[in-house]
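Before anything else, here's the structure in question.
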Amino acid sequence: MNAPVYTLGQLAQRLGATLRGPADKVITGLATLQDANSQQLSFLANPQYRKHLASCQAAAVLLTVADAQSYSGDALIVANPYLAYAELSHAFDRKPVAAAGVHPSAVVAADAQVDSTASIGAFAVIESGASIAAGVTVGAHCVVGARSVIGEGGWLAPRVTIYHDVRIGKAVVIQSGAVLGGEGFGFANEKGVWQKIAQIGGVVIGDNVEIGANTTIDRGALADTLIGNGVKLDNQIMIAHNVQVGDNTAMAGCVGISGSTKIGKNCMIAGGVGMVGHIEVCDGVFVTGMTMVTRSITEPGSYSSGTAMQPAGEWRKSAARIRQLDDMARRLQQLEKQLAAVTSSGNASSDA
Amino acid sequence: MNAPVYTLGQLAQRLGATLRGPADKVITGLATLQDANSQQLSFLANPQYRKHLASCQAAAVLLTVADAQSYSGDALIVANPYLAYAELSHAFDRKPVAAAGVHPSAVVAADAQVDSTASIGAFAVIESGASIAAGVTVGAHCVVGARSVIGEGGWLAPRVTIYHDVRIGKAVVIQSGAVLGGEGFGFANEKGVWQKIAQIGGVVIGDNVEIGANTTIDRGALADTLIGNGVKLDNQIMIAHNVQVGDNTAMAGCVGISGSTKIGKNCMIAGGVGMVGHIEVCDGVFVTGMTMVTRSITEPGSYSSGTAMQPAGEWRKSAARIRQLDDMARRLQQLEKQLAAVTSSGNASSDA
Amino acid sequence: MNAPVYTLGQLAQRLGATLRGPADKVITGLATLQDANSQQLSFLANPQYRKHLASCQAAAVLLTVADAQSYSGDALIVANPYLAYAELSHAFDRKPVAAAGVHPSAVVAADAQVDSTASIGAFAVIESGASIAAGVTVGAHCVVGARSVIGEGGWLAPRVTIYHDVRIGKAVVIQSGAVLGGEGFGFANEKGVWQKIAQIGGVVIGDNVEIGANTTIDRGALADTLIGNGVKLDNQIMIAHNVQVGDNTAMAGCVGISGSTKIGKNCMIAGGVGMVGHIEVCDGVFVTGMTMVTRSITEPGSYSSGTAMQPAGEWRKSAARIRQLDDMARRLQQLEKQLAAVTSSGNASSDA
């Protein structure tokens, strides 16, 4: 597959953009304002990068009407340059497209349903009663368990595991190494020994969801684990059994959500955040990186925990002082009382 | 495989429970008190949920003698409803059971031993000298390395890697994506360049261990990495080389244990906890979520680090103040001295 | 493969060490000073372990000239015992060596290039235009994507995914479950809905890099994600799109680096550290375990965040006080003013 090439006119047409410059100018790729060469298209989305416009070498730049006025070079003028870049990025993607059909090495159960437009990769295993819809790509080495369903237009990278009874919506993208429907961590303690609780719920994934590399989403203990429409999960995220994630919520890498916690819609959970189990986080919450969420959140807004980074020598002092904080607070209160007594006795004596 | 169906009488008999209600009542599943429909069995284990008994629609409820007195519906009366639920959960599990035998696509070394009652899945690779005991299931796409041993009754989900010289006890369950026996992080620094140290120890896993999805347990540098009997490890846990974990210790998701650390028996390590290397944690320790364990723990009990979550605006102030804590502590001490001087001089003058 | 056996003389020769003891003494393995039996070689690298020399049962010990003077047993005398141990560890490694050639079950694209001295394992998939250099081992179940390159002498454990357009240098070791070139977390928000941005950059890995089990390195959004020569990455590390890591930097397990962050050379990043995106960390930085790096670091040295572990009861008090810290700081300042007023009025009156 050769790298894709377009003319500036073709790209303007694709975006419905106003073209400033020659329609036949050749564009071979996308790049940042700083990196773009004379055959690449760039974009200005973040105002902080406006300073790079002057020295920009790009063939053309995606700009708003306002920014286009302070730039004399060729441009595609659009309402939202970042969204325009997002759309054009797919035109320049060299990700291989799998051909429809079942690879001869794949093992597909006799009673599994595979749409004729779906692509099943080498060594994939499709188990009994599973269903693969139209336009789905199942990568090499994927396993789709019994009775699981992959909705229309889904794309599974190589080496994804879907256990049994997992229902995945339309146009879901799953990166390599992800595991959906693993048995959640359920044990009953009997005199110090852990007895396993079978995890008999499933997993339900909405439409337009993205699931990152090596992310794990456990099946429910009784009811299903639920991931809403449009949810975006980065790499190495851990979603425990019976968690519910609301529509269009995004989580960055290495987040861990404990069992039965319910997260609202349109939340943004930064990298490394942890949430305890059995809490509720309302819609529209932003949690900053590596925060430990130990209680329910009922008001939209931004939440944090942790301490700011310091040079280790200073940090050791702060950390030691934190352990003395309760004592410090008591001494402070004591001082306030003593000083009040001194001041009032002083006042008393001067009154006398 | 159809969903399993039982009568209430069959379930009572299985548990040795006292049956209250018709023995021929049909039970099609398990559910919580809030979710159960008229064909599902529920249970009351957590006293906080007792309030849901009144409106419960379940066909019957697993109850203690005491709780049964305040509930008029059908019930199975048992000593420990949660353990009873744990036991019955397996009766309703629709997890497919693999047939004994080696899938024709599997690659099994000529000198590997595979018991005739074991099941080896599609595309599994069993290397030279490996041994698979009776009743073991090796899922599709698993790799069992040279000379490694899987004990009786083990269950490996699809896509598990066992490197060479890993010995796994009886009835061990390993979820998809787990990696046992990877080469630990051992390097000797030679003038700024890292020289690799071959990891020549193995991994030894006890009986009745559970290992979660995408969890990694590295092989020892010299001696073996050791996981005791009955240990339960959730997803995405990282166990470094030469770690030792005592019997019946449980760890929740995303825990990381650094090299050569030794953890006692019956510990509970909550999600996201990290432990530095070369420390010892005694038996019976509970570590709360996302705590950083930086030193040995010699007394059983509960341990924590980190700060409580706050709205981000307040958190920024707290975080800034933490960096000033050492200064604050010194000023507090100074104030105490000054106030003592004022008070004592005041006393002195009133004495005079 | 039998366990390797050497004579003490052979090992001395291999290291260029001074031999003290019989050249024909049989050495069957390596072990620590405490664990070594009479056929094993040990080493003294950490001065803290010097106390174990007296009771050491080892066949011989790797020692410096200085330490050899206070030990009467057999020894191999070398400049750096730890480096000598690192070198000899490979002699005792029982890791299977794969035979050259392509396993008959592997699927290799017609236009992929596989050197005749490379080994391609069972069920491996080598896609169109990929290139596998001399002496490379590609483990069972690996996928090497279109146009990706594995340089001379590389070793991929079973079950590694390399997406398309990933260039890997010479002698790179990749553990099982690692994913290189996954699609980074790039979305443009359009009225609450996330629009995917195609990730059209690649990944470039230098020479002599080691990548741990289940570690993920995302491809670039536009330009490539870059990992320098000699970088060592432990297990379950997450490297986001467009990160750059300088030569010989080492990261322990569970580290997460957010997008576009640039890390210098010869840094050491301890386990569980998180870094926000778009920052720069200079050469020679050491970050302690589970630190959250929220800003650029411009000076070499050691950095930390977080709080020290406490018993949970004390911790709850500290955590509550941290939330009051801003208030405490204001009250402290107030007290200082009041006390200054008292003292100065006292002084004033005694002056008077």
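Residue numbering begins at 1 within each chain, and the chains themselves are lettered A, B and C in the order written.
Rule of thumb we're sticking to: a residue touches a chain if its C-beta (ideal position, glycine included) is under 8 Å from a C-beta of that chain, and two chains touch if they have at least 3 such contacts.
Chain by chain, the UniProt names read as follows: A, B, C = UDP-3-O-acylglucosamine N-acyltransferase.
Everything numeric in this text was worked out from a predicted model, so none of it was measured.
Engineer: Taking chains as nodes and touches as edges, what kind of graph is this: line, ring, star, complete or other?
Structural biologist: Topology of the interface graph: complete, with all chain pairs in contact.
Engineer: Same or different, please, for the subunit A to subunit C contact, judged on whether over half of the interface numbers appear on both copies.
Structural biologist: different
Engineer: Superimpose the Cα trace of subunit A on the Cα trace of subunit B, which carries the same sequence, then give the rotation angle to the nearest 5°.
Structural biologist: With C-alpha atoms aligned, the rotation comes to 120 degrees.
Engineer: List the centre-to-centre spacing of subunit A and subunit C in whole Å, with centres computed as mean CA coordinates.
Structural biologist: Here the centre of subunit C sits 25 Å away from the centre of subunit A.
Engineer: Return the residues of subunit C touching two or more other chains; collapse runs of consecutive numbers into ranges.
Structural biologist: 105, 123, 141, 159, 177, 214, 236, 254, 290, 306-308, 310, 322, 325, 328, 332, 335, 339, 342 - these are the residues of subunit C that touch more than one other chain.
Engineer: Which residues of subunit B touch subunit C once you look at their complex with the stated criterion?
Structural biologist: For this pair, the touching residues of subunit B are 105, 107, 123, 125, 127-128, 141, 143, 145-147, 159, 161, 163-165, 177, 179, 182-183, 185-188, 190, 192-200, 214, 216, 218, 221-223, 236, 238, 240, 254, 256, 258, 274, 276, 286, 288, 290-295, 301-308, 310, 314, 317-318, 321-322, 324-325, 328, 331-332, 335, 338-339, 342, 345.
Engineer: Any idea which subunit A residues touch subunit C in the complex?
Structural biologist: Of all residues in subunit A, those touching subunit C are 1, 29-32, 35, 80, 82-83, 85-87, 89-90, 92-96, 103, 105, 121-123, 139-141, 157-159, 173, 175-177, 210, 212-214, 230, 232, 234-236, 248, 250, 252-254, 266, 271-272, 289-290, 306-313, 315-316, 319-320, 322-323, 325-326, 328-329, 332, 335-336, 339, 342-343, 346.
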